[in-house]
Amino acid sequence: MSFKYNRLDKDNAAVLLVDHQAGLLSLVRDIEPDKFKNNVLALADLAKYFSLPTILTTSFETGPNGPLVPELKEIFPDAPYIARPGQINAWDNEEFVSAVRATGKKQLIVAGVVTEVCVSFPVLSALEEGYEVFVITDASGTFNPMTRDAAWDRMSQAGAQLMTWFGTACELHRDWRNDIEGLGALFSNHIPDYRNLITSYTALTSED
Amino acid sequence: MSFKYNRLDKDNAAVLLVDHQAGLLSLVRDIEPDKFKNNVLALADLAKYFSLPTILTTSFETGPNGPLVPELKEIFPDAPYIARPGQINAWDNEEFVSAVRATGKKQLIVAGVVTEVCVSFPVLSALEEGYEVFVITDASGTFNPMTRDAAWDRMSQAGAQLMTWFGTACELHRDWRNDIEGLGALFSNHIPDYRNLITSYTALTSED
Amino acid sequence: MSFKYNRLDKDNAAVLLVDHQAGLLSLVRDIEPDKFKNNVLALADLAKYFSLPTILTTSFETGPNGPLVPELKEIFPDAPYIARPGQINAWDNEEFVSAVRATGKKQLIVAGVVTEVCVSFPVLSALEEGYEVFVITDASGTFNPMTRDAAWDRMSQAGAQLMTWFGTACELHRDWRNDIEGLGALFSNHIPDYRNLITSYTALTSED
Amino acid sequence: MSFKYNRLDKDNAAVLLVDHQAGLLSLVRDIEPDKFKNNVLALADLAKYFSLPTILTTSFETGPNGPLVPELKEIFPDAPYIARPGQINAWDNEEFVSAVRATGKKQLIVAGVVTEVCVSFPVLSALEEGYEVFVITDASGTFNPMTRDAAWDRMSQAGAQLMTWFGTACELHRDWRNDIEGLGALFSNHIPDYRNLITSYTALTSED
Amino acid sequence: MSFKYNRLDKDNAAVLLVDHQAGLLSLVRDIEPDKFKNNVLALADLAKYFSLPTILTTSFETGPNGPLVPELKEIFPDAPYIARPGQINAWDNEEFVSAVRATGKKQLIVAGVVTEVCVSFPVLSALEEGYEVFVITDASGTFNPMTRDAAWDRMSQAGAQLMTWFGTACELHRDWRNDIEGLGALFSNHIPDYRNLITSYTALTSED
Amino acid sequence: MSFKYNRLDKDNAAVLLVDHQAGLLSLVRDIEPDKFKNNVLALADLAKYFSLPTILTTSFETGPNGPLVPELKEIFPDAPYIARPGQINAWDNEEFVSAVRATGKKQLIVAGVVTEVCVSFPVLSALEEGYEVFVITDASGTFNPMTRDAAWDRMSQAGAQLMTWFGTACELHRDWRNDIEGLGALFSNHIPDYRNLITSYTALTSED
Amino acid sequence: MSFKYNRLDKDNAAVLLVDHQAGLLSLVRDIEPDKFKNNVLALADLAKYFSLPTILTTSFETGPNGPLVPELKEIFPDAPYIARPGQINAWDNEEFVSAVRATGKKQLIVAGVVTEVCVSFPVLSALEEGYEVFVITDASGTFNPMTRDAAWDRMSQAGAQLMTWFGTACELHRDWRNDIEGLGALFSNHIPDYRNLITSYTALTSED
Amino acid sequence: MSFKYNRLDKDNAAVLLVDHQAGLLSLVRDIEPDKFKNNVLALADLAKYFSLPTILTTSFETGPNGPLVPELKEIFPDAPYIARPGQINAWDNEEFVSAVRATGKKQLIVAGVVTEVCVSFPVLSALEEGYEVFVITDASGTFNPMTRDAAWDRMSQAGAQLMTWFGTACELHRDWRNDIEGLGALFSNHIPDYRNLITSYTALTSED
């Protein structure tokens, strides 16, 4: 019954961004659009900041689901990019699974649209294969809070850990002494309240 | 402690629709009526789309509980239809259980009204008998969110998986290449945002 | 200070449907999509039921705003249809105003997307010209409740009356003896709770 | 611009209860059923307590709308009871208007189901005829808060005063010295928190 | 890993009502007062209807916590009534535990105020002693939803089952053929929507 | 149609605190208790800070309504204190009105419990007599948001201005140069976010 | 009683941004931080886009209120910038009023923090002087929704018009033919749903 | 499968207060500021009341995160106070862990800001080391309810118990006979509704 705290480890974690496509985003109604956009980009920025191997995948991006949001392409120009020809569960796509395995990481950080499908399905598949899976709940969206609650329960009961982008960044960083400026900038760009703290602090301390 | 992902399998799943009766529906207040009606019909449509054996049952339909909503009768004209003479838990009705067993399926997809009774009771009974049970949370309704939360917790702790009609359809379908038009139509009929994506897409691509 | 109750009069009212376009609908987040779709179609159905002259207009429908939702085109195949070349306020489009004037009606029933622009602007213009204006609030959508509240206040203070599709239908109909079946069907198609009442009633009274 | 405070006067007020019918009540979703039932009965009890002339009316009560809720019939066995043959606006029914006029009162306290129709329409008609109209908002129900807000705005802008059953009782009573026990009992029966105050108070003061 | 569905059994269940006192009820803000009062009385009525042994207990009822709500005393005039001299956890009171044991039942149905203390503490104690414990969530109240959610999680993780009074009544009854009138009356008294169904049904079927 | 901005003037304003009694406070459910307590005390503190004449009144304070909250007595030991013998509208009590007139002020700042009675009634009476009336909405409480909204509308339509304690303090103060420390302390005591700003600011500026 | 629709006119409008300071922003809790930040910047961007004269003002920016958010300084490097020495109502500052008058505009677009003080006070002052005032509600923030509602009511009753940044942009622009790219970019930068429409549209139309 | 109820024991429990800093508090938006401040101080007061060893820690308190809120320093002038030089997880700081171990307690009561980082991380670390961990959910705050729900799930699944300050106080106290006045005062200071009960009770019982 003893609990083992397997922390997120920046040397052992990869990020999977599943189906953040321009059309599908119009389905997301459990998070306000301004906040959701911010959360997804914050997750992307932290993946880049910690140099985590990141894999992009889309579903039918030339159809009504629409293309991957351009910001993600720009942040990860060289990431594996799997435009799935039809598999709903990204884990059913061999190229995707190969890309995951090629990272050599055992911790998977997953976010996507919509939560109960594009996130849940590969999360459950990865758990079955023994990966430690961390769901970035606030960078994953779905139709409404009821839909989300059901999806969270299913993933949690299967052993996935429910995280947020901010908690993930902090758990990966471990110690501010590793780098203050970089992570501070990341937080300042994605947390207006934090930015305000910095602004006030800087104004006061630079006055002297 | 290892997790086994038993996916919904269209060849091994049956659908149980419990007590979606015109009178009882007035008790449902945890979901808006327009959305709830849509969710129930979406579940019915997917059951038909995937040719899943479906069983209908009602409680006292000649009394104040009222008749089964007519749309369900129309969609499943030949389905086993068990008008229970008094059993509150449908699983206490031998005819119902026989109908379930006759399907030969091991995965049960269950929805009904109200969640903590007409859904929970047969869900718990089926779990006890070893079935894999998937609760379609958004096609099941009850008095209020507090009532729902308690019911979900009881079922989840017992081993039921909390699903939605959309997640269920996607998990059953596996791959869009199995059929795009049919499932696309189903989604277009029951997800206005998705329909809008299709409308815009079609307008643009048919202009050429 | 005396109040004059100018009721909606089916012989003196026209309906203006402004910019219910597939793309713009993704902006609507103050009403759930299932309910909003239902409300818009209910308004269209009542316009047709009462044979009210109806005018359709769109903004940039070949661009990202997307085409008019197809259901509206189907319900009003012969209605004036003004695809505005650029005017944001439909009342700035002469063709639109001409169509309104051509109806010869003095009561305007208006709905559209988004509320504070496509609805408010022509509403304020029409009020200035002396029309009686009835805003169908639940068939008009916008970004969020705050945006809606501000738009409602502006229109109400200017003299517009805030209505809903159901209140509009009832005020136009005046007396059920004018026709029970037709209006009953309209309500049954768009109010699930009402449909359930009919279903239960019919079941009981047809049993005898 | 001076304001005249025409208080509710128990010698000059009548109560109109419009369409609180068993079927129509299933449409009310802007107030929880337990609370709404309590509010309607509280209004009825105060009408009786202050001996206000009260008029009951229903719409199609032998059809799906269902009969008047039995409690209201029991509280007002001798009240004018107008089962309207079809008029949606009760004020279009001559018998109803005659009953109102026969009371000789100039202040009308109105509640009903649904707010934007069965309440708003006679409220606006009565305002036009010069009555002072007080809407009992919490004993009137409708489909959802948006529908309610629109209806309140229309009535308020026309000059109706938005009240609650509790405020109405207090404004009619003026002074507790007119009678403590009767009004105290009415409040105790309909306000659980108030009942608890009485219970604790009584326990402590009767111990001595 | 197999699940055993130990249903509530009317021959093996007792009810514990903990600290529903007039003063403490003013602390309950996670449920509306009208609804909460109704839920508590519904639970009491079902305990009486099924003749379940019921135990009442209070904390400091001569102090600010106030006396037990009088309705409960009236419904259970002969029930064991333990006015605890100081123990916060009722299970720390020997007289209370003796009363529980004296029932000879193994299933405990528990409700009280406030949820995280007066309910949670005896629930956890009873679970430790091997009882099956069913928490009546909607007849238990606390300061706010956050407080409730934490309490529910603690009890659920310990093995308690989260129930509602309606689910409990249905699970105890098993089959409507055991008695329709009695249970129907109980539901009609405590579920306004259900009462309306009965009213409409009775009106239609007694017309013939 | 021109608007005249009659600002709150600390030399021309009096404060009326109506029925903030320990028992009645249990009825307040449109504001959280922690916040409401804070708002009421903030209003009292600002009345004292600006040396505004303040009048206290209660209704039946030896009965279940309970005594005035002790903090208010302590803050205003010498204020007129009218324990009304029965009048529900404080303005019906001659002693109260005399006390108001004795202040010689034309601007009345009013708060109380419950909003639609103890606040609305004297507000409407005072408006009729030509006073400028400012309702401190967040130091006034009632049963629920619906009740509040109706009360606000009635008062606003009659000409009362809806204020908050913070807005009132700022409008009275006019210019921070009149006194920074005193008002800053008042805000720091009643606005945790503001206190935090001061704490951080002080820490940084006192380090130098 | 006739209504005159004085539209926002880009040649006759100025923008007043009041106290959007890093410290004060921590007080804003009626809008989510991500959304609020976006709204304020959108308003700034539209002021710049339409070349509206814009005036910045702050209160005690070297104290705990903190400096103006840096983005606003960057967008309006040459705008009048009045760091008020103490006046709470910016209109009490002569330099500010002079700057307003110097614009020569009669329509004022106002936003700030907090709504009931920094916005309401100058809004009421400007109305008194005969300006047409448009409150940008969604770029103004305050402690909570209750505080906001009271402030909105006060301003609306005095004659201010409640607007949003999006409605303001559209009313100023009049016709898309004046410029599609610029305004489209502005919307794309501040409305994620709109950006997604553009992304999907561009992807489809550039494929040809 | 048997459950063991390890109650909080005042002789075996220590309190960890993590990062309640003036700057970080502006990030907390899942609880209203008035309530959150009250909850944190209530937890501190109970720690002091029960003489629980308490450990304070902060993160970068001379930077934008700001200093520990002064009230906590005042309540615990002699407590171990670890200003961490950079470790995000307090458990990574040896001085902190040493302080915890030095208490000799096996039950840890933890609260902090923000929940998913400053609370979750040391909670998970302590669980791994075999401590019994009790999270004081209402004295811990974070960005929004979604963030909180994810954090609660992660901690609960790992074995932490979700508590509130009130439940903690009651579980520690066990029996009111241990001391009525002290705990009563603590509750009266932090629960307005409870204070009101005391006020009314005292008024009535001291009158005799």
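By letter and in written order, the chains are A, B, C, D, E, F, G and H; residue numbering begins at 1 in each of them.
FYI, a contact is a pair of C-beta atoms (placed from the backbone, for glycine too) under 8 Å apart; a residue touches a chain by one contact, two chains touch by 3 or more.
Chains and their UniProt names: A, B, C, D, E, F, G, H = Hydrolase.
This structure is a prediction, so every number in the text was calculated from the model and none was measured.
Ranking every chain by how far its Cα centroid lies from the centroid of subunit H, the top place goes to C.
Centroid distances built from C-alpha atoms place B farthest away from subunit F. For this pair, subunit D with subunit F, the centres built from the Cα atoms lie 31 Å apart. Distance from the subunit B centre to the subunit F centre is 54 Å, each centre being the mean of its Cα atoms.
Residues of subunit A in contact with two or more other chains: 23, 26, 32-33, 64, 66, 191, 193, 196-197, 200-201. Residues 22-23, 25-26, 32-38, 62, 64, 66-67, 69-70, 191-193, 195-197, 199-200, 203, 207 of subunit G are the ones that touch subunit A when the two sit in their complex. Subunit G contributes residues 1-5, 7, 31, 137-138, 152, 156, 161-164, 166-167, 170-171, 173-178, 191, 193-194, 196-198, 200-201 to its touches with subunit C in the complex. Interface residues of subunit H, counted against subunit D in their complex, comprise 197, 200-201, 204-205, 208.
By the touch criterion given at the top, residues 23, 26-27, 59-60, 63-66, 85-89, 92, 114, 116-117, 120-121, 124-125, 127-128, 130, 143, 146-147, 149-151, 153-154, 157-159 of subunit E touch subunit H in their complex.
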